[in-house]
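Sharing a structure with you now.
Note that the chains are named A, B, C and D in the order they appear, and that numbering of residues resets to 1 at the start of each chain.
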């Protein structure tokens, strides 16, 4: 057996761990959904309509987490090794993933818009930022499969940096106007 | 290392992600089960009997989600690549999987039959529909292992299309009669 | 690529699915644990002591589910293929795994001993029974790796059959005496 | 197929099972987080500040569990076989992992400092102790990949032994002073 088999197995195990945590976080999102109540069709629909904000936030958060996973997935298929630095970055990134369902619940509460919005945006912005550093680490420590063009990681880093700026930039705006959501688009 | 190793690994990772989400959704189903209460054997049995609808819906939903997984499993063992389109379809399909325990809870509520039934049937029907499109994508984008007969995917698509029609078709019926359940058989 | 690669991948995916469901069920067990309360050390200990039955049932159930997984693990390392029958059996077995945390909660309630005990024992007995049929299916359908001695599966089937008899046999006893637990040893 | 393929597959499946349980435990930590409440930004921040102890314990526990996983990951990439002893040790270790979110909740309660602290420290100390025995088992039963220097496992055992002593040693201190936390650093 070659020495790098252990290395590749370690990278795979780390990626599978990421997958498991995201799969759980995405599924737990639905646990917090409020059940609509009502004995007649009309009452039930009215109750569901009253919860529309919770349902929208659930749907948005599902998309947000899934997009994170897809981004990780797209890039890490080229990554065949890991090291201590990548392990720490992955830990930080997963911490933010695990916080996301909680941040979602905070966001869907009533009132105190700036704080709720700011917390959610900071969590998401930090996640983007950590991902930028992960991309740098892949290139610097040479964790990718031989022959993978560095452009793959540079493009992913740029996209993630833009997203980090948009999220963090939306925070001061949120003090002024709920249209701060527009920054996330 | 050959270029397609990355591709196959990406397809595998996507399938494992599907598995993880379904495994969690199926296990979370049981979290919502109401505990029967009673200090004597008779009281406990009477209490359990009072919850019989919840228990039945749990059992049915377990079967429903498992059948989905088995269908995915049966077909995707022949799929060795993935692309952006399949990623989006998988996201949509998993969104509906994650919604299923919630839809199950809605369905097992009292009153407002048409709305409860309709919501559940639409979630299931949409899942079937998305699966039909997934099958088309496998064939069109050539994601299957070389030598897999296209009939495998065509048959799966047909079965799923029938199921989509049955679920969606049961919705207008449910306004008239609870026997709309018969469409799901 | 050889035809059996798809078959082996299918068997592996089924086993990984089993693992995921069991891992979730085993971790969810702890969710139901009642928190001890009390502002002084003495009060907290007294409160914890009052919950001792819940804690014991949690510990026992953890062991019960883990033993199931270990048994599956020990035998299925020799299994490299799957078929429709095994898929159905696996579904039934996982249904009972998913029910086990619920059965555990029922068991740890007060009063109505015979019904609580009987339900738990039936779930466990059924799980053993399904495992016996799984072992037969491995041998009959030739799902094992070439060269695996059939004795591996025959011994596992016998052990599981004994356990099924013990669990089911303890049910009538439980009407008479709480010592029916002794059958489970 | 060679005989050891089954052995390696068994070791991999055990490690993946460990991963799944830890991924779930780490994600469930966040489920217990109390939502801050308040209709104005100030009220919400004040409410969040009131929960600061819960949030700190969540963050600490995330780090604690992740460090466990990283330690397991670092060493077990060299482990390619398993046996009955390792299976039992893994079960005991996972039992403590599953207990950790519960121990975390106990720890974050008010009052009764010595008992809450002692319970958490004992769970963590026991986990370290079990890990020391796991390392011994890898070396004694020859479960590592050929050519792995035994120093890898000896160093991991020493580190874990130090941690076990620190955790257990902090228990008597906690009766005297909350600064017993310093032992965990």
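In the analysis below, a contact is a pair of C-beta atoms (placed from the backbone, for glycine too) under 8 Å apart; a residue touches a chain by one contact, two chains touch by 3 or more.
The structure presented is a predicted model; accordingly, all values stated were derived computationally and were not measured.
Asker: Same or different for subunit A and subunit B, where same means more than half of the interface numbers show up on both copies?
Answerer: Different: when the shared numbers are divided by all numbers used, the fraction is under half.
Asker: Between subunit A and subunit D, what's the gap in Å when you average each chain's C-alpha atoms?
Answerer: The separation of the two C-alpha centroids amounts to 25 Å.
Asker: Hey, how far is the Cα centre of subunit B from the one of subunit D, in Å?
Answerer: It comes to 35 Å between the two C-alpha centres.
Asker: Name the residues of subunit A that each touch 2 or more other chains.
Answerer: Within subunit A, the residues that touch at least two other chains are 16, 20, 24, 28, 31.
Asker: How would one label the connectivity among the chains shown: line, ring, star, complete, or other?
Answerer: ring
Asker: Which pairs of chains touch one another in this structure?
Answerer: Pairs of chains that touch one another: A-B, A-D, B-C, C-D.
Asker: Considering only the defined contacts, which subunit B positions touch subunit A in the complex?
Answerer: Against subunit A, subunit B makes touches at 1, 5-7, 9-10, 13-14, 16-17, 20-21, 24-25, 28, 31, 87, 91, 94-95, 98-99, 101-102, 105-106, 109-116.
Asker: Subunit B touches which residues of subunit A in the complex?
Answerer: 15-16, 19-20, 22-24, 26-31, 33, 35-41, 43-45, 59, 62-63, 66, 69-70, 73, 77-78, 145-146
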